[in-house]
Amino acid sequence: MLDPNKIKSRFPIFSDSENTDLVFLDNASTTQKPDVVVEKLNDFYSRYNANVHRGIYRIGELATMEYESVRKKIAGFINAKSEKNIVFTKGTTESINLVAYSWARKNLSPGDEILVTEMEHHSNLVPWQLAAQQTGATLRYIPITEAGELDLSDLEKYLNSKTKLVAIVHQSNILGTINPVKKIIDLAHNVGAKVLIDGAQYITHASLNVDELDCDFYAFSGHKMMGPTGVGVLYAKQVLLEEMDPFLSGGDMILSVSMEKSTWNDIPYKFEAGTPNIAQVIGLGAAIQFIEDTGIDKIDEFITSLTKTAITKLQSVRGLRIYGHGPSSDSTSVISFNLADIHPHDVAQFLDMDNIAVRAGHHCTQPVMLKYNISSTVRASLYIYNTPQDIERLVGSLQKTINFMS
Amino acid sequence: MLDPNKIKSRFPIFSDSENTDLVFLDNASTTQKPDVVVEKLNDFYSRYNANVHRGIYRIGELATMEYESVRKKIAGFINAKSEKNIVFTKGTTESINLVAYSWARKNLSPGDEILVTEMEHHSNLVPWQLAAQQTGATLRYIPITEAGELDLSDLEKYLNSKTKLVAIVHQSNILGTINPVKKIIDLAHNVGAKVLIDGAQYITHASLNVDELDCDFYAFSGHKMMGPTGVGVLYAKQVLLEEMDPFLSGGDMILSVSMEKSTWNDIPYKFEAGTPNIAQVIGLGAAIQFIEDTGIDKIDEFITSLTKTAITKLQSVRGLRIYGHGPSSDSTSVISFNLADIHPHDVAQFLDMDNIAVRAGHHCTQPVMLKYNISSTVRASLYIYNTPQDIERLVGSLQKTINFMS
Amino acid sequence: MDELRELYQQLILDHNKSPRNFHVMDEPCESTEGYNPLCGDKLTLYVKIEDDVVADISFVGSGCAISKASASIMTEEIKGKPVDEAKVIFENFRDMITTGKVNKEELGKLEVLSGVYKFPSRVKCAILSWHTLKNILDNESGSVASTE
Amino acid sequence: MDELRELYQQLILDHNKSPRNFHVMDEPCESTEGYNPLCGDKLTLYVKIEDDVVADISFVGSGCAISKASASIMTEEIKGKPVDEAKVIFENFRDMITTGKVNKEELGKLEVLSGVYKFPSRVKCAILSWHTLKNILDNESGSVASTE
């Protein structure tokens, strides 16, 4: 079993004098960075900072090699067929928008349907609202149950021959629910729809095999898996990338430019216009190496077990209500709750006074708020450096808060 | 006068054991990072790494404060009216694409004209080719003269009541030419056109006053001005930002989301969807501070003087031809040349053997190549850590190359 | 934790639990909505102005303890005041909330919120109802006031 | 600088200055274009195949010393060889160019390019004409061969 205290010692932020008692429970928002990631960035900027794909000089070739080797590493990490399937973006949000612009606007017409779920993050919802508006397609929602799971009982109602795209979150960032995406992908393919999976939360702790899943697109962010900010990935099947129009255009994504017209570079470069986020991609490589060295299955096992502990302890707090996480549900790492009728922002403020960092708000999932008829929740989300003591600190501070406020 | 050797000592890359004799002359592609930028990134990741705009906890508030303070700093640096005019992107290329999607696709119709120049970087050309294609507008080019300057003699021919947008580079990344943008902006406004300036090269060394220029949009990249990769800026006038549609959509750029539709956040946040490039923005702040501490006018004076020296010395090399930089022209920092009939990539390869980094290629400006009827050039571009000795090393190595190759 | 306890002292907790003037107001009156996009909280403010005096004022809505208490105390302090005076109090309140500086005579009970400036992310909570009031007093009722 | 001088030794410089078989070929022949997107250089290759033998081969185009010399030497080495043999030489050449390993008997004069593998960004220069040839031999003439 993974030892969170040992792991914690690898994260410089926790040894900063102001953070020695920091309990960081906002991991679904962004994660802390291990020493190897910070050092890799340093190393790039201090030894071989240069633009990629162009310079015929030592540091330029080194930068290109490191940058491209991360593409290979990621392809391996998610079991993609080739590094050609890997497009670098600035984050999940851009990855999804890329598909909304380059694939959806080209392939959708009035009468077509896009199917999403009520538990999507705004980043996997608003792009489809806009794409639907602009193409005349209709947006439909798979509802969620009171238990915080997808209600698939009426799936045929939503998934039919008009459905051209299904865009679903692999793991909810508010409820922690892991959706049965394999099943949905297969059913979607049966009716000829493409499937995009928002993996921003799932990939941070669980092992992924896009080839087996057979999804058409998979999007995720580096900063939520210990990588730098400003980098994300879009995985897509090769034929789709080849058919799609470019998204951003400019330097590096062209084969040739004349005054009249341009021709596009090969995939994945067709989708990477301008100077890429070189340092961030290289830093993400170090984060994935750290995950691989730690072992993704060990990470998953640890987080799942810590989540169970946390739920049990939280349920002992008077007036605390957890959303989702029903006894039979497949959910982990993210726990949303409310504490009696105390406003979540007040709760978060009191926790902060004990140096416990959680999030309060709608977590970019307003449709879920609507469903539960609330305007916000407190969210504690766990990662590999969280310890059982962190959970105790959280529970203790919640108890103090409810005593003070009532 | 600025002392480049003193400055050089502030850049960790030059004290790396493999780089002690590195002559880095590919600054128009990307610049090296001073200690303060590398340290600022370290500091962020090791002390207050957190998502912005959301967390009610100490490090989240600190991250937000630092992130937003850079917006203010940049507004001051370019003399924008307010920090609301500053949108963070991942680079010049994304900044220009943002305008091409959110402004141009909404405002252009068949019959309208977009005016660019023959010396645009592909990043300020291909987005307009695509926007023209999709809206039915026509793309027109201001030609360049043999001396590498804009030929403005027939400007009325190009700039007329049909012109809706003028997109021009402030300083050419291949010829070094600085264009008379103030004059063009005024003329464009007379016919009711908006003006976008690609400032990727200019801003790195010269002082900028967008308010006085009165440009509608101004785009630039952090990595070319000693900041991290993966961050850029779009300056735009407030009324334009307010009228424009969002570009990327998702978390953080919305005011509210219902299942039917969404409303947008205030500017500039409307244009910053998803988790931003937080560390990179904060690092860019440190780069701009470094520029301000050094003094932008001193930087400009130094680079201009070193460029003059370099041109004189290069002209002494047998068979070397410099493009642009005519005696009366306003040009600096970037020098493109060819060495007899030796292919630029062969030249660059020989220079690399002496640890001199230059670029060879079309420099993402194929229309300029066409103009001079060449397929590529060697480009040396200067920055504040380049010394007169660097120029001598360059000239010496070129001389050796020509001796060997002929 | 002491600074925070101080802020959430009895007065705030009391107004949070039993907000004053917490009801919809019958016509004729001005009303407008206030929205804090950071958290999604909304309130609606109702004001009756007679002879340039705030004759009656009430609010409804959801929000955190700070926003609710701030709205509740605001209604108590503003009711019966001339419109001009209310605008001056708004300025003083905003100064206090952002800088911590208190002008005792004019702020009265509002002073209990003086500690908010130490919690930058909560300033918007405290000022939400005030921005909404300002909108009405400036004759912009009907539009949505935002703390952005 | 020594490794590089070694690479650009007399033979390459010579072929660069006076490339062999450097001309357009009259019909009937197969021809196809090769393109290196990294630098924008292009060449056109012409091949006459008779009885499964490369009866004639020539090229035109612009490029760096390495690409020109590589194309020039290739035409010399391939001319008169059976198509099957040419394909084997292609494989051997590609191995040499990417790994530096030389199979002397089969590569002949091509060996002067064995140092290219030390310069990863130039591998595409050396292999450009070969990819173009491969396209023709695989009956894909007319399409553009790219080194990507």
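For reference, chains read A, B, C and D in written order, and residue numbers begin at 1 within each chain.
Note that in this section contacts are C-beta pairs under 8 Å (C-beta built on N, C-alpha and C of every residue); 3 or more make two chains touch, one makes a residue touch a chain.
Fair warning: this is a prediction, and the values are worked out from it, not measured in the lab.
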Cα-centroid distance, chain C relative to chain D, in whole angstrom: 79
Distance from the mean Cα position of chain D to that of chain A, given in whole angstrom: 46
Between chain A and chain B, centroid-to-centroid distance (C-alpha), Å: 31
For chain B paired with chain D, centre-to-centre distance based on mean C-alpha positions, whole Å: 38
Junction residues of chain B, two or more chains touched: 54, 56, 256, 345, 349, 360-361, 366
Per-residue overlap in chain D, given as positions that touch at least 2 other chains: 38, 40, 122
Chain-level touch network, classified as line, ring, star, complete or other: other
Chain-to-chain touches, reported pairwise for every pair that qualifies: A-B, A-C, A-D, B-C, B-D
In the complex with chain C, residue positions of chain A that touch it: 342-346, 349-350, 353-354, 360-362, 366, 369, 375-376, 400, 404-405
Contacting residues of chain C [partner chain B, same complex]: 35, 37-38, 40, 120-122, 146, 148
For the chain D and chain B complex, residues of the former touching the latter: 1, 3-5, 8, 13, 38-41, 62-66, 119, 122, 125
Chain A residues within the chain D interface of the complex: 53-56, 61, 64-65, 255-256, 265-266
Chain B partner contacts - residues on chain A that touch it in the complex: 12-13, 16, 18-19, 22, 26, 29-30, 32-33, 37-38, 41-42, 45-51, 54-60, 90-94, 96-97, 100-101, 118, 121-127, 129-130, 139, 141, 221, 223, 228-231, 246, 248-254, 256-259, 261-262, 273-280, 345, 348-349, 351-352, 355-361, 364, 366-367, 370
